[in-house]
Every structure is written in C-alpha cells, then in structure tokens.
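We call the chains A, B, C and D, going by the order they appear; numbering starts again at 1 in every chain.
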C-alpha cells in the first residue's frame, strides 16, 4: 500500500519509520523543512504540498497538531482534498474534534474520496516502538484494507464504529479518563499527605492492588515526584482536548461534571504560570488548594 | 497467638475461618446468635460479651458495620476496653472514621492497652480466599507482632504509618478513588453511548490498554451490564464512607471537588429510589442526566 | 441623529418604536418581511440589505439573535461594513461573544468606521417601556455622541470601558449571575421543600429581607409556580450565553465553577426534554435530583 | 413576660438591651463573667447556672455560639431542662443544626416543656438596632405568645412551620444563599477584572439594576475593597454553617452542588491561612485561581 504521510512531528516521524520498516512505500510532507531530512534519509520522498503528497497515495495519513492544522492541510489551498484520487482514503490520526471529523467525512464523500479516523493512544516512546493503541472509526471494509498499515504503527486496533467521528469521540473520552485519574490521585495524595501519610506508600498500595494499571503507575509517579517538566503532554494541549470533549458533550447533550472540574484546574494552573508544564501538573493546584506546595 | 474476634458478618466469618485454618486459637463474639453457630462448629469458643472475648486474646480484632458498632463494642458496657489485658492490643479492621480511630487509640493507651488499625480492601469472596489487601497503621513493633495473623487473612499487608488513623484515612481514600472510577466511567459511557458508540467496545479498549486494572474491569462491567442488584456494596454504605472521607478532609483542610460530585450522585440516586442497589448505580444517574436509562 | 436599525424581533421592534418616539430618524432592515410592516407604518423606511440601511445612518444598530446573525449582517455579503460611511459607527446591542466583538472592532477600524458595543439587560416588556439597562463599551467620545439614542431605549447607560468587548463580557457576566440566582434558589427550594417547609414562605422571607432584588423576585416566583412556559428566555439561549461566557473565561484564564454547574443543568434539562421551556426550568432538574417533581 | 436569657455575646447582649427597653423582665446567665457586668447594670439579674435562670422565666432564650454550647447549656448539668417550669418554653435563637433542634424538641416535650426555634438574620449592628429578621418555627400558639418578645428584638418575624427545626433549616438555607452570592460575585469580579474592566463599574451596574439587594451591596463592597478584616462573620463559622447545611441536606437526600463548591472554597481559604478573615474572603480564592491577588 502506498502511503502519503502528512505531519512529521515527534509522533508522525516515529510512525513513518515503522511504516517504512514494515515495507510500505511512503511519501511525506511537513510544513517545516527540518524534520523532513531524517525522514528523507530513510528513502521517503518529500513532497512540496499536501495535495502533491496525497496524489501519490492509496491512503493519506494526517498526524498534525490540532483542528486548525488538519483543516488547513485537508481543505485549504493545495490541500489533501485537491490531490487525493477518487477511491483513495484520508486517514486522520490526530486528536481532532468530533465536529471537524464530521465535516471532513462529508467533504471527502463529496469528492468520491474515502475517510476514516484512527486516533492513537500513546506517547512518542510508544509511537517509536510501534506500540500505539489505535481507535478506528469508519467503513468496515476500509478499515480492513488499512489495517496492515495501522498494525505497523500500533500494537492493537480497536474498531469503534462505522462513523469516523465515533473514534474521535472515544479518543477524547480516553483523554478525559486520564485527566480524571490525575485529578483523583492529586486529591488523594493531597489529603493523605496532610494526614501525615507517606504518599509513596499510598501509591504503592494503590498500584499493586485494585489500581494496578499503566495510567495510575505513570501519572502517580509523575505527581509523586513532582516531575512536571519537561512535559510529555503540555498543559494547553490538555486544555484543548478538554475543550473538544466539552464541545462534543454539549452537542450530544451529556453533562460531564468531572470534566468541568478538570477544566477549571487547567485554567487555574495556566493562570498561575504552569502552562509550560506537563498536563499532570494540575495536581499542583490540588495540593495548593490544600495549602502546601508539591515539591 | 490467641485472637478474640468481634463481628461475624460475611467478612468477619470468612476472616475467622482463615485464622483457624492458619492455626490460630480464636474466641469470638457476635451481637446476634445465628452467625456464631457455624463459627462455633470450627472449634471456636463463643463468648457472651466483647469484654469476655477480649479477656481471652493477645489481640482483639473488630470487624463491624460502622462507627457506632465499633464504639459500642469497644467503649460501651462490657466492651473490649473492659476486658483486654494490659499490653494486649485491639486491632480495628472495619472501615471507620479517622476521628473514632484517634479516640480509640487514646482510650486504649489510657488503659495500658495497645491499638492498631488494619482496614481491608476486598469483597467477601476475597475475604473467603484470604486474598484481602490490608492497610495497617500503628506502632511498628505491634504490626510486626500481628503480621502473621494479618497475613492469614490477606494476601498482602501495606504499612501506612505509625498512627493507626493513617490506615483509616488511606482506606477511605481508596474507596474514594473507586467512586471516582465509577463516576468517570459513567460519564464516559453516557457520552459515548449518546454518540452512537457501542460502549462494550469502549470498555474493551480501555481495560485492555491504559486502564487495565481490576477496578475498571469490575466496575466497568457492572455499569455496562446495569447489574446493580444484588448489591456487592450497598449505596448507603458508599454514602457513609464518602461522608467519613469528607469529614476527615474537612478536619485536614483539604478540598476534594471530585468527592463532592460523588456525594451528590449518592444523594440523587437514593432520593430517586436506588438506595437498595450497589453503589456503582450512581452510574444510572449520570446516564439519566444525559437523558436515557441504563438498561 | 439618523439611525439604521438592523433586526426587528421582539426586542428590536420595541427599541425602534422608542427611538422614533424620541424623534430620531430611523431606517430599518430585517431578514424576514413580516415584522417590517408594523415598523414601516411608523414612518420608518425599510431597506433591502444591511448595507443599504447602514449607508443611511450616522449609526447602525444591530439587535440580532446570535453571533452567526451579527457576523452575517455585518461582515457578509451586502453587510453593514460595505455600506457604513467612514466615521459612522456600528453599535452592536445583541448579546454576542467577546471574540466576535473584538473581530468587529478590528474590521470596522480597518475601514475607518467606528464600533461600540451596548448590550442590554431586560426582557421585551422592559424594551417596550424604554426601561432597558444598557452596558456600553467603546471610545468615550463615541459613547457620549450616541448616548441620546441609547437613553431613548433604556432607563440607564453604564459605561464599562473603552473596549467594546468589555461591555459584552459584562453582559455575559450579568446573565451568568442570573443563572447563579436560579440555581441557588432551586437548590434552596428543593432542600426546604424536602424538609417540609412551605417554599412560598421561604420565598417571602428571602425577598423581603436580604434578597429583596428584582432578580430573586422574578425568578423565585417562576420557580415557585413552576411557570416555565411560555418561556421568557428559552433554555437553549441560556445555554448559548453560558457557552459564550465559558469561552471568554477560558481565553482570560478564569475558572468559573458555578458556571460549569449551570452548564450541566442546561444540558441535563435539554437532554430530558425541557429545551422548550424558560431557562429558569433548570430548577426542575435540581428538584428531580432531590427526588421530586416541581409542579 | 418574664424572660431568661442565656448567652451574652455581641448578639445576645444587644438583644437583651432591646428586651429590657421594651419593658420585659429579664434574668440572664453567661458562661463567663465579664459580659454580665454591663447587662447587670441595666437592672438584669444574673443567675449562676442555666437551670437557675430558666427557673425564673416564662421563656428561656438561648443565643449561643454553636451546637455544643446549646447542647451543654440545655441538656448538660444544671442545664435549662432542669430548671424550666412545666409549660414554660425554651426559644432557641442560635444558628444550630436541624438534628440538634429535633433532639431539643423531643427532650423538652418529655419534660412537659415547650420548645420553639427562632434563629435570626442580621449582624450585631442589626441586633443593636432591633432590626433582626427572625425565622420562627414551632407550635403556632406558642409563637403567637412569644411574638411580642421576638418583635422587641427584630423588625419582622417570619413563621416557617410548626416544627421548630424547620426554622433552623431555613436559617441555614439563608446563609447558604449568602455564600452563593459571595462566590458568584467573586467569580464575576475575577472574570471581568481579567478582561480589563473596572470591577467597581460592574458592581454599580449590578447593584443598581437587577441585583439591587442588600446582600449584593454588602458583600459586593467587601469583595471590591478586599475588606475582609476585621471579620463580621469569621470564616470557620461560615464553614460550620455550611457543614450543618450539608448534613441536613444529606439527611433529607437533597444534592446541593453549589454548597459543595462553597465548602471547598472555605477549606482552601483556611488551608491557605485565611481562617481569621471574614467569610467573604473566599472571594480571594476565586481571584487567586484566576491568577491574581485581591488587593
């Protein structure tokens, strides 16, 4: 399968390497020049515009920063939609809004092009190792067809439904659940610390019993160590995903009280100068509310 | 070690069986007669009052319903405190308030008696299998001394600190974190269900990736199946532990926004007739807020 | 002062009548034909496009449904911006977003046109009686100049600052405070009703003592009587203003926990079929959470 | 009517002066000696115990700090209950819990004594001026009988129901509504301040229009001026009333999301060293969450 890959950030570059390693032919495009050098060195042709890249592919994968970038690269001047062949497919793997995913599905359909969403769970290390988890949404046949490419990038593909936007909704929901873990642990640590308990022992008890899941281990350790910098996922990106979640929830008429609490934590953290830290630094704010500073 | 065991409910009876199996000599007391029969058949002597039972033990373990029961059995007429030998210890294994645990520590110390708290995580099946997790708090030497007894009942003992009440605080915090999982999953399922996604697929994605922990598997399955009856842990007990948590947090001056949201879910659920269901039925309320009924 | 008036809904028509009564020359435009008839009968010329109306005015006032309408009428084809004379001013009196107000200010400035915001507090009866309260934002000289027109429509003008968007922010904040009154009264009535108190007596006590303000009297009476239909201000409009508020707050990095609670009430109310009621019907949801129905 | 008055703090002393001025015969008791001197100088006899004071009265009024004080003075050794004549009445005017009020009603009834609750709204200045608002609960005949005494202390008596505890519930609800005003204004000021608006103008707009009530004027001015010291009503008292409210709400199964938010504000404020300030200083916390300090 010939693949056009749009977006060579930390995640995208790692994903391209795994596609190449798996034997796929890849052409790529990136907004800035620098990241294309290492990818080009793998034998990947670099195209000048999204349209020119898309023209070469059976599928065109986007892995970009946000809605604005995906919209520009897809629907803007020299965008994917102008280059993609009839019957070829755009696979959107970024974390984007439900609304944009719905608009992209419609725009591609009007051109006789296909579209699926396949957002990923995992940090750059997981992308590098081909260990991403992928939530896919779209026509079942299309997903079967692209499955080999997805499996080159991820350790497992979960199909969420035949509407692409359903995968985007699940991705936002997953990030929401992560923030709930962060906030709940932050409250738990603040409380037990004020009770004089060594929170490292609380962490050990939790993660070796009922809460023995990667998400508690990873974020519990970050909070415990106050290791919010360098950020693995920056605070404003966490706020952005929270906003996309709340927007989707408003449209679907689903109240999310936990998400609103997390929203206010993000805002308070950013307003108090922590916008450059990892999103798990909302835990600092829970501690400060209890009257002490996380180390 | 000779052990007096006070409280032969579902949990307590199972714990006694494991103590006997492990070779400990046990005498027991229970408020009502019925449950003592099966325990007596194991060769366990049944005493007429808590004081008389306590008199026989190197340690006296309480496994009772709530603060009121523990207070009555310990400090009331013919209570443990009247029978327990100087130098012997009361081990409180129920989920009780931080404040009561502090009062018990003081009361026993005034009599030259020892006291530790060792609340447990686990449902009756885990108690039966000797697979409880135990959070212990108290004097390190005392805990070392009683460790064989604790290990006969649980699969692992986590020492939280040298103040008994610290273990109680951690126990309440653990239950709080479970309610956060329930509420966050309830919101996640309500949202994705309204987005047309099959929530069984969401559950699978979560519990086979970042959220692969017993707590998500257990409660996710209950919510997904709407299986809130018969209750494993009744709604009003969940509300009670939430209240004890909020009381401890008030004393320690630690705000817990997630706990307050859960509090309101418990109240709304009970006010709407769901007080007889499992505490995970607060998930119904999240669904109803989004305009549909959990099956 | 010659005034172009865009938007002849219930509010706009009433405002035009007061301008005419006060001696201003008005030309008007409305998207649909029907409402223009009564206005035309007052001697007000009806123009075919916003641009043609704006061309006639020293100021052009917009009183339209929402951001989309104001944006289309101002910046769209045949929009105000195309007709308004250099040095003339657009006065936006609708409740619109802070972000749109900022964009309008910029767009008009680029054409050498002036712009101020003057959103209003008050229902149609107040508009009819010329009793609106007006929050004005913009260049002080401009506001002085338009003050006679504003005072023809309102009983008092409050100047919020020299940035137009500041008035929009204050308007959204005012609506937010109204929703806080609704929610707090709803909780208070639900609680006291469950305590067996006649809530009419609670209402009387409050509104004849510390809470003797129009907002408590108006909304308290609506909630008490369960009189949510016909709506004075529809639920989805309340949700929209709440959304605009939360968007502005996010940009300004200001957490608003009360606003988030109100948001979830709107969503729950709409999800449960109450979207056609007055926005004060979020009080029903507070009652239902406490297990009973508002009559 | 002969009145025994128990509790000569700032409020109680002022109330006694008004009773004397109105021609009632008063005997008094206070835990500490100092405040009795000024009252004695009015011709009021000072008794040595609550029981001895109560013995002298047709009614015995309590105006004490909290539940513990009222319980001790009423039910403790030498308490009111031991002295009060059969057919005489205890009128509890402090802000106490619903649960204690119910217990007092029962305890007095068992002795053939009467009981009513008549908690007050108003600060010491209002007490001094005889301008308190009084929420009364209890037997209608009893309240008619004591009405002249109540009217000597307050400007108006509102009868809430024939259960004394109903008046206590309404009093706690009133204080809750005040905290909602504080929090909502705090959020509103934080938001508009960050938007560059002069909050004094926001305050003026609000309090001269829809929100023209004493509660907005009083608390708005305190927040605007950052005048949280000396406290009119101390933060921990605010927290205490919030706790009593939440306890009553739990018993009545009524969720109060706004009250929980206010609870966390109190805790955060106290945890951050503001426990000595007026309860309106929770507004500081809203400002800090938005990243700036109230002056």
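Note that in this section contacts are C-beta pairs under 8 Å (C-beta built on N, C-alpha and C of every residue); 3 or more make two chains touch, one makes a residue touch a chain.
Since we're looking at a predicted model, the values are computed, not measured.
Student: Please name the chain that ends up farthest from subunit B once chain centres are defined by their CA atoms averaged.
Tutor: When every chain centre is compared against subunit B, the largest gap points to C.
Student: Applying the document's contact definition, name the chain pair with more C-beta pairs in contact, A-C or A-D.
Tutor: Greater number of contacting C-beta pairs: A-C.
Student: Rounded to a whole Å, what is the gap between the Cα centroids of subunit A and subunit C?
Tutor: 38
Student: Would you kindly tell me how far, in whole Å, the mean C-alpha position of subunit D lies from that of subunit A?
Tutor: 53
Student: Tell me, which residues of subunit D touch at least two other chains?
Tutor: In subunit D, the residues touching two or more other chains are 249, 253-257, 261, 264, 267-268, 271, 289-291.
Student: Flag every residue of subunit C that touches subunit A in the complex, lowest number first.
Tutor: Those residues of subunit C that touch subunit A are 239, 243, 249-250, 253-257, 260-261, 263-265, 267-268, 270-271.
Student: Residues of subunit A touching subunit D in their complex?
Tutor: Touching subunit D: residues 257, 264, 267-268, 271-273, 288-291 of subunit A.
Student: Enumerate the contact residues on subunit C facing subunit D in the complex.
Tutor: Per the stated touch rule, the residues are 98, 121, 133, 135, 156, 158-161, 163, 165-166, 169-170, 173-174, 176-178, 180-181, 183-185, 187-188, 190-192, 194-198, 201-202, 204-206, 208-216, 245, 248-249, 252-259, 261, 286, 289-291.
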